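Note that chain A is present in both complexes that follow, paired respectively with chain B and with chain C.
Right, the complex of A and B next:
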């Protein structure tokens, strides 16, 4: 554990002491080395996982998410090079430091073995993200976006704090290992329902659940590229991870109390997928697509069945990589035309054919094309949900179709068709951008050959 | 001795600055930075004059997809059609930047508002036909809920163009083209002309063409306000300021013959706000040059025309302001209500103004006698020497008239071939032109707006093909001449 934590922490002095020509190379290279090492954490030989000390542990649920988070840091740094090119050196270093602090909080959040520590780090991740969105976003609306993001999450997590303190008081300890051994002491009364909802709200806002999702399109669209990537790929998964951990305490009640959230998720998936079809802003389209996919994760996580947990974990990892890749692709468009509007960057297949290949692969992954792990996750979720209620199959089937429709709509509008005159002399794709796409896609394709590593605790 | 040895031995290494001094990196000059920090702190300490959130509502937005430079009738027409033709609502963020909100020198307000289909280029005729259809149904296009309907005050009196013996063949040819495009024009011999309009002196006239329908004049201010109101209601942003800079990114490429070409892409427009030193950079994807008489200056800001002449890089936008005078006179014995807008063979023209026996008219001066364009002062001698004699000769009733007032306005004159420039620039890839109409911009505004919106959104012209009006013709030297310039 200290291997990752200390080395990530030492990235901060690395940025501050790097000279100007070496800054990006140093940070990218060292964070990449850390992420390559973290791949060794994929191997779990026991159900209990690795227990490093009293505070940090890793099991087959938090392992893949930790690796995803470590993998994304070099990618975020690579993606930010262009829009920070004209900033003064100190400001670039501050940006990188903010990213690294965010990364530290995320690593500690995923490996936290005590729920209070998890909560503290869950809240800590908000601050660097807020700084990145409001300071380095590119439009006026980013102040509004930062406000929505901060206050939605804070309002959701205040009840969680109360609930955790109450539980700690009653149970004596909130350590993950002792959770499974504790006999449930909750009786079925109004206060238990309130406790359950208090526990869940923070994660529902974070996921986000449809109905509490208003902050997401704003925050994703207004954030700079690294902000969008970390938000879509990892911060949303904190919610899913939290649900799966905290439902260990609320054993018999989840099956009855989860109804509103299940219904909202099922309906919300279809609604947000349909909204994607009407979007004019490319980043907004990808943001709503994230909401839709996370709806599936909520359904799976609330089902509390082995297949459900498997589906939730796979979908979280797959969506992290796919969504982050789509945001990177949208950013390559934005850097060239300085506009996020979908209709102003059309017909790119003729002009940047290799980038079209990445667009194609990312869109296919987004619509859960076999044999990608996106499909694996969606299938597991669909099977789980069918076992809960036969009727949900119709809703989930409709969502799959609409997901395919909007993914293909995004692909065809941006790549096919006649390009407009102001597009043809845009800069060709840089090697850095190709590398970014490859590093997103390669894990996705390689994992689909052996997905057992990311199937989570119930495999 | 050891230190000197170390200095000599490691002169290019760590100890170049001697053993005691070391670069502190970002912590260099600690004292200076502390003083700076204290100064900054003092500014926003309570009691200081710094406000965290200042009111910026007068500034344009920091980002717009399309920035239209110029808020005249062409600029607002492009904005309206962009919003009208975009596939989904609020897909594009359009910003119109106008330097003078009073429109004191803009060509739109000072125009006499004529519309005719009697051109010699099919494109011009088609533009006018679409525009008249737009004007006749203006409330179907531009009505805003809960606002009063527009009254464009269209006088369908027609245009009467006169031709002498030499120009008669050209006029007949033109009328044939106009009829092919669907304009309703008829040719009149001198005798028919005299029968129809007895107040004309037909000496020297061989042929006349008279527009029977869809020609006349209207209120340009009403069209501008209508377009503006509707575009604003559809969500177009507007800003009163002057575009002072166009920042672009440059890509240098070599042609196959070894010539270096710089491809530019404008990514920021700097707008200097009226009556203030504030300059707001607006990040943009596309810039539309609809600045009318000042289009040449805006094009120069983008670097168009800066290069060796004869190359594509060095081809300037040949639009410059030309001053034209309009005089209003009172003549109770004049032609009366039936008078069309008459254009004489000498180039002078007049039309009826209102119902009280007032007429207005003028003349395009010769190339050598162009008045200077630094202001809009009227030269009354011009009327006495160049306009009145010819008009009086053609319409004897005008021998006695009294000039009541006069004004001057600018033509956005295209010195190359006096026709508009529509479409993208080959090198500055995201600047589109909609300018240079040399006096017939107002009547073509709806059509041109729609054409620019089409080429921007679809990549080609769908309805009226304005490819002959592209910028490339200046480099190739192919003039697209219009025979009937007034």
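Right, the complex of A and C next:
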């Protein structure tokens, strides 16, 4: 564990000691080396995974998410080069330091083996993200976005703290391996329901669940590109990871108490997918698409079936890469026209044909085109949800169709048709942007050939 | 003021608190508190607002001292002894709790705190909100086994809620720090019967963070949110210190301010006060809201200011900032040392 923690921490002196021409190269290169090393964590020779010491462990669920967050750091740094180009050197270094601190807390959060430690690191990720959104966002609305983000998450997570402390008192230890052996002696009363909801609320807000999702479009839209990427790709998955860990021991009650969340997810997926069709803001469209995909993850994680956990894990990794890629693509538009309005950047296929290829592949991944792992995830989720209730098939099928519709809508509006006259004199695509898209897409395609690495604990 | 007067007053302040902390007889404890009150009154300046603040402070603290004297004498009459740790009579301990609540500025006896803190200069306010809390808390620590949990819960929940809601509409920083003090005292008082060491721990961390805030604000003599807006130009590191300290006061992990809240919640839950714990945890979010407002004004946005204040050509720091780095580090980076503080309790 120290291999990855120390090297990530050392990125901070690296940024502060780098001279101006070397700053971006140094940080991107070294974080890339860390992420290449982290790929070795995909190999598990036992089902229980690695148990490094009392506090850090890694198994097939946290491994892929850890690798995803390590992989994303160089991509975030690459994506931020443009909007930080005119800032003074010290501010660039502060931005990179904030990203690295966020990365450190994410690495520790995914490998934490004790639940209170996980809670502390879960909350730790809030502060750097808040700083990135509020300080480096571009519009006035970012202030509100930061507040909504912070307070929605905290309102959910303070009851989680109380619940975890209660369970600690009850069970004696909150170490995840120990807890599988010691079942809590819970009766089916109102207080157990409150306990279950207290445990779940933080992750439901984080995912986000449909009724609690108000912070997400604000935060995603107002954040700068690195903020959007890390929010969409990793921070949402903290919620899914948390659900999958905590439901391991709230056993007999999940099947009855999960109904409100299932209903909200099933309905919410369709609602947020539909609202995507009416969005004028491109980033807002991608944000609502994130809510919709995460609704699927909630359904799968709450199902507690082997296929459900597999589907949730695959969908989390796949959605992380896809959504991050879509945000990068939207950012390339934003950098050229300084506008996020979808209809203002039309017909890009004529002007930036290679970028159109990336748009096509990203949109196809978003709508779960075979053979991508997005399809694998969605199929597993649909199968497991069908086994729970036959009727949900209709809702999930409707969601798949609407997802396809808005993904293609986004693709066609931005790429096809006649381009608008004012976007004619825009800069051609930089190699850095092509590199960014390749690095997002390549893992997605390569994992499609052998998805067993990301199928999670129940494979 | 003449240096002789300042020396005497500072010495008296110090001696007063030490007298209360080290005393075993109730009279000497009461005496120490009175010395503290009297020593801080002359340090206020001579403008009408400060005079009003000093008067309010004197009157409330004297009333509290008289209620305390009543409790002491009642206990002496009822139990025939004057030992500080043996305040065993129920009525006496209730009256003593209320007297100490007035001294500490707990709701519903909190009305004097914002007005007094606002009327006095920043450094005097700092002494008021940090040093003056030590002696009453020491007394509470020692009479902890005899306290009545119902009154403590009432005081604590009211204080956290009042401290949270009261600070929401303020723009003067001293009033904001006063309401923050009311809320934090609420956290400290709820745990004093269950685990008094946590009260001391919470007080220590609160003092560290408040010291940082006051000293940092004193560097540029910032007293309103509007003045916070110009800090990024005068000294950008000040804004980062304010950010870290305020987030720590708000109780966000991984900063030190999370530690007392975590440990207090743990003790409350271990004693089956789960609803109390949830209510206090959620009311801390109110505090966080107006801290966020301060953070927005100072570091995360460029607050509206005149163009003149954006041009800073003369950057010559003349203030002594000796204590600020130490207290900043203590108030933001000490969370990994939590096991140390648990074993000490």
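What we mean here is this: the second predicted complex is superposed on the first by the 458 of 459 C-alpha atoms of A that agree within 3 Å, B and C clash if a C-alpha of one lies under 4 Å from a C-alpha of the other, contacts with A are read in each partner's own complex, and residues count from 1 in each chain.
The criterion applied here is as follows: a residue touches a chain if its C-beta (ideal position, glycine included) is under 8 Å from a C-beta of that chain, and two chains touch if they have at least 3 such contacts.
Note that the structure is a prediction, hence the values are computed from the model and not measured.
Annotation for the three-chain superposition on chain A: chain B and chain C clash. By the document's definition of touching, neither partner reaches A:37: not chain B, not chain C.
With both structures placed on the common chain, the touch criterion links A:16 to chain B but leaves chain C unconnected.
In the superposition on chain A, A:151 contacts chain C only, with no contact to chain B.
Of the two partner chains, neither chain B nor chain C is touched by A:388. Of the two partner chains placed by superposition, only chain B is touched by A:422; chain C is not.
Contacts of A:342 after superposition: chain B is touched, whereas chain C is not reached. Within the three-chain overlay, chain C meets chain B in a clash at only one of the listed stretches 80-88, 152-160, 314-322 or 332-340, and that stretch is 314-322. Of all residues in chain B, those touching chain A in their complex are 25-26, 61-63, 65, 86-93, 251, 263, 265, 267-268, 283-286, 423-424, 429-430, 432, 455-460.
Across the interface of their complex, chain B is touched by residues 16-17, 90, 93, 138-140, 278-280, 337-339, 341-344, 346-347, 418-427 of chain A.
Chain C makes touch with chain A in their complex at residues 243, 247, 252-254, 258, 262, 265-266, 269-270, 274, 277-278, 281-282, 284-285, 288-289, 292, 296, 299-301, 335. Considering their complex, residues 105, 119-121, 123-124, 126-127, 131, 134-135, 143, 146-147, 150-151, 154-155, 158-159, 161-162, 165-166, 168-169, 198 of chain A touch chain C.
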